[in-house]
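In what follows, chain A forms one complex with chain B and a second complex with chain C.
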Partner chain A sequence: MGYCFTEDGMMSVWSELEKRYDIYAPKRFAGKGRFSDTDCVRYGQVHSATEIVFDKKAEYSAKEFLLPNAETLFYFTEDQILESACKEKEMLVFLRSCDLHAIKRLDAVYLEQGFIDSYYKRLRDKVKFVLMGCPKAFDTCFCVDMGTNKSTDYDMSIDKVNDKYYMDCKIEEWTELFAQSAERVQDVQPAYVTETKTHVNLPVQMPNTMLQSDLWREYDGRCIACGRCNFVCPTCTCFTMQDMYYTENGKAGERRRVWASCMVDGYADVAGGGTYRKKHGERMRYKVLHKVWDFQKKHGYPMCVGCGRCDDICPEYISFSHCVNGLKKACKEVMENE
Partner chain B sequence: MDINTKKLKKNAFRVTKVRNKTASRIRVPGGHLEAKYLPVLQHIAEAYGDGTLHITNRQGFEIPGIDFEKMVEVNALLESIITGMDINREEENGGYPAAGTRNISACVGNRVCPYACYDTTAFAQRIEKAVFPNDLHFKIALTGCSNDCAKVRMHDFGIIGMTEPQFEPDRCVTCGACVKACTKKSTGALTMVNFRPQRDAQKCIGCGECVLACPNMAWTRSKEKYYRLTLLGRSGKKNPRLGENFVKWIDADSIVQIILNTYEYVEKYIDPEAPGGKEHIGYIVDRTGFEEFYKWAMKGVHLSEKAEITSPMYWSGIRYK
Partner chain C sequence: MNENVYVPFLSKIQKVIRHTSIEYTFRMEYHGNVKPGQFFEVSMPKYGEAPISVSGIGEGYVDLTIRRVGKVTHEIFEKYEGNSLFLRGPYGNGFEVSDYAGGELVIVAGGTGVSPVRGVISHFGNHPEEHDGMTLIAGFKSDDDILFSMDFETWKKQMNVILTVDKGEPSPDRQVGLVTSFIPQLELKDVASAKAIVVGPPAMMRFSTAALLERGFREENIWISQERKMCCGLGKCGHCRINDKYVCLDGPVFPYTVGKNLLD
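This part shows the complex of A and B:
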């Protein structure tokens, strides 16, 4: 059932929801952009719907609530291990359709590959999702081509039009509260994007020769291997482990897992001092093929959801969508010549 | 031809090597101007000058080849630029009221440059507003970050933008980009301790390289804007030298106050015999001793606890033998 709220109605709903949930949404961090006197829009805890930024894409995705940047798994002494406690309060996370589709990818990786990652699961069980209606694509988005522009798999939805909030709510326990606070009850369909400026065509065949293609050489020089594209990506799921010893006696400490990036030095280091994919173009190949080919082979749908954040963030103006389109073209040429 | 050269110099014209010809000097505080003023300059150069225009070292313009008797007309044409740039002036259509305190120059700053820690042009304009017009020979320059592209250490007052990097440990992914950037491009203030960067506050010069390098916003800029104030650099024939660090982590208000105070100090101690009433501040300080300058400069200045004052101050530089 859908509801239309005024600002006041929204506030009374909000105060009830906040008793139950920590609420996270894209918000403005004033003065916290990379460059001086610029802001950053990214995820943070919000205490009112007015704090939510609807008209900008969050630079970083919502994955950090399921997969923290750095997560302590357990604490250890010489003979004891104590598992870290999970956050107690439930979470309500506001996100767009593409990002909600990304959660499906995270679930696939952490829950559906033959075993369940308990650290992921314990956070996942605490999260409810509020789909943010997305009426218009940003320049770098290509969700329509990835089939992630529309989602019905949400717990609640929200659209802000002028000063009114339109919400759908599938959680039964809140329907009474919503109905009481709403200006009126009505059908609500979250807005979704139907057209994007950027288009991406995924390759349908992948000849093995593409691994050695000159296509990737361009990135040897252009890419600086900073990993921003991975860190902003809503579907990058890699982590590495750190055993951190408290310095006093070096015998107690904690084990934490931390986001890892296949673009950053050290990712493909192996025992004996070897390193795979030294060249940045090789790393680009590894990442791009994983996003649009390898994952799909296993799961039946591509990993990339077309949010375009990697294009937005790259300091060297390397465009993922441009690369994928180039890959598709190169694949086609190879197939035709064979 | 009877011309008061003292007066024309103060009016921002120049005695040139060509007899009876002068050059008009247009100051552009902060070195950034609206393009709409360029046609005015073009008109002056073509109608009154020799059709050329020099971009000066101090980020102004100099239009040569103007007849002395045309200075009144040129001044009238400059009125729109002077008022448009909100430059203090005394008399309508009278041109610039002084030239001793030089144009306040600045690098392009954070209106364009990713490295800059503040809006250099806006700060330059603020200082200009506070100090101009003045006949005393002051050179002030601003640069956005420790790269010092504006070469502010060649000036009496050099203002270098700083940010105090803020670290959010939970966003750190141990990629090492900040440590690498700081080591290779800056002062090596960061070391990796237990998988996280540790910042040596003494070594840190607030350049912001770590903020720019961090792929995950673990490092961000401080809300407060900070500066490094360098003192009494100079070029010239006697003892050219670089400006020395005076205050690290200083605030904007204190900088303006110190500069204004220095005008009073110079009025008191300038060599009355100085040719053209022009003496670099540094030579005056060499004469009075730094302590006397310090006493004057810091009147009414309340630095924050973060500010670090260099003491004692020493300069080196080149001495011709």
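This part shows the complex of A and C:
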């Protein structure tokens, strides 16, 4: 059922929801941009709908609520191990369609493939998703081509048009609250993107010889292996274990997992000093092919959701979509050279 | 509540067997199912975890042969019999001995690569009725690097053993030369049905499988075992992924027909 709210109506709903949930949404951090005197839009806790930024893409995705960038798994003292506690309060996370599709990818890795990850699961069970209507794509977005522009798999939706909020709510326990506070009850369809400026042409075959393709050589020099593309990516799920200890005698500490990046040095190191993919172009190949080929082979749909954040954040102006678009031609070239 | 698969359990070190100055076998208390070729995450709180292959299986224990080359393994070497280590596992598919039974079998192993196949070698050594001729080609860098020398004495009585070192003076006890150099002269009754397992460093596996194919082995009769730095062993951390396969879930043992496409 859908509802239309004025700002005041929204406020009263909000104060009720906040009793139950910690609410996270893209918001403006004044003066925190990457250049002087600029703001940035990232995820943070919001206490009113007016704080939510609707017209800008959040630099980072909503994955941090399910996969914190550093998550304590357990504490240890000598022979004792104590599992870390989970955040108690439930969470309400506002996100766009692409990011909601990304959650499906996280679920695939953390809940479906191999073992069930109890740390992911315990957070996942606490989160409800509010789909933010997304009427117009940003320059680097290509969600339509990835099939992630539209979502129906949300708990609530929200669109802001002029000073009115239009919400859909699938959680039954809130329907009474919503109905009381709404200006009127009406059908609501969250807005979605139908056309993007950027397009991608996904590969349809992937010969092994793509490893040797010249396509990757361009990135040997251009990519500086900073890993930002991985950290902003809503579907990057890799982590590395990290132990730390608190005391002088080193007997008490904790084991955490921290975000890892396949673009950064050390990711593919093995004991004894060996490593795989020394060249940055090889790492680009590893990442790009996972996003548009390897994951799909395993799960049936591509990993990339077309949010374009990797292009937005790259300090070397490397474009993921441009690289993907070069794959078909490069495949053809290597196959002809065989 | 789901089981927390990241929490390790304490396991007592029953015995430490010293092979070389940097390679020891730790016999760890363990009750449960485990196969050769599977691995455990050995956990040293404060230093981290390292994936270690199972090199031996017995009543109430598993053997973990560890080379002291990193931060975690360095700390493990500070432990003695009677101390305990934290373990998680076993993980990975491991070797299914029934896959190799019935015909001729050739095992080519390099260095610590002998560890994951040690259980397979011993199994067929003790069950000659399950194979129709067996050859083990095991290569080490030098005499000082030879692992499981006691086992080799036993194996020499049970099968055709070619023990070799990359560099060294001639000796009646072993050969000198790379493992690949012994593959062309392999004497086999029927190469088309003979099976082979190759485990070792990446280059050694690449050249050995090439030599086996050259010798006439069929692709579908060759298995390899991959190694990566697995942070979780659970198919999550991503470090061991090659294409659409996770070494920790889909491997570390791969049929060559699958393994040949895992390029990194």
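Definition applied: the second predicted complex is superposed on the first by the 330 of 338 C-alpha atoms of A that agree within 3 Å, B and C clash if a C-alpha of one lies under 4 Å from a C-alpha of the other, contacts with A are read in each partner's own complex, and residues count from 1 in each chain.
Note that in this section contacts are C-beta pairs under 8 Å (C-beta built on N, C-alpha and C of every residue); 3 or more make two chains touch, one makes a residue touch a chain.
Remember, predicted model here, so these are calculated numbers, not experimental data.
In the superposition on chain A, A:Q242 contacts both chain B and chain C.
In the superposed model, A:Y60 makes contact with chain B only, not with chain C. A count of residues in chain A touched by chain B and by chain C gives the higher number to C.
When both complexes are overlaid on chain A, the residue A:I116 reaches chain C alone and has no touch with chain B. Applying the stated contact rule after C-alpha superposition, one finds that A:D214 touches neither chain B nor chain C. Of the two partner chains placed by the overlay, neither chain B nor chain C lies in contact with A:D187. Applying the stated contact rule after C-alpha superposition, one finds that A:A260 touches each of chain B and chain C. In the superposition on chain A, A:E88 makes contact with neither chain B nor chain C.
When the shared chain is aligned, no partner comes close enough to touch A:E173: not chain B, not chain C.
Using the contact criterion defined above for the overlaid structures, shared-chain residue A:D294 touches chain C, although it does not reach chain B. 240, 242, 244-245, 260 are the residues of chain A that lie in the contact sets of both chain B and chain C, per the superposition on chain A.
Within the complex, the chain A residues that touch chain B are 29, 31-32, 34-37, 40, 42, 59-60, 68-70, 226-228, 231, 240, 242, 244-245, 247, 258-261, 264-266. Remark: chain B residues 110, 114, 116-119, 144, 161, 163, 169-177, 194-195, 208, 211-213, 215-218, 220-221, 223, 225 touch chain A in the complex. Put simply, chain C touches chain A in their complex at residues 1-8, 10, 44-50, 67, 69-70, 73, 84, 86, 227-229, 231-232, 234-239, 241, 243-244, 246, 248-249, 261, 263-264.
Listing the residues of chain A that touch chain C in their complex gives 73-74, 76, 79, 81, 83, 109-110, 113-119, 121-122, 208, 211, 237-245, 250, 253, 255, 257, 260, 262, 267-273, 276-277, 286, 289-290, 294-295, 297-298.
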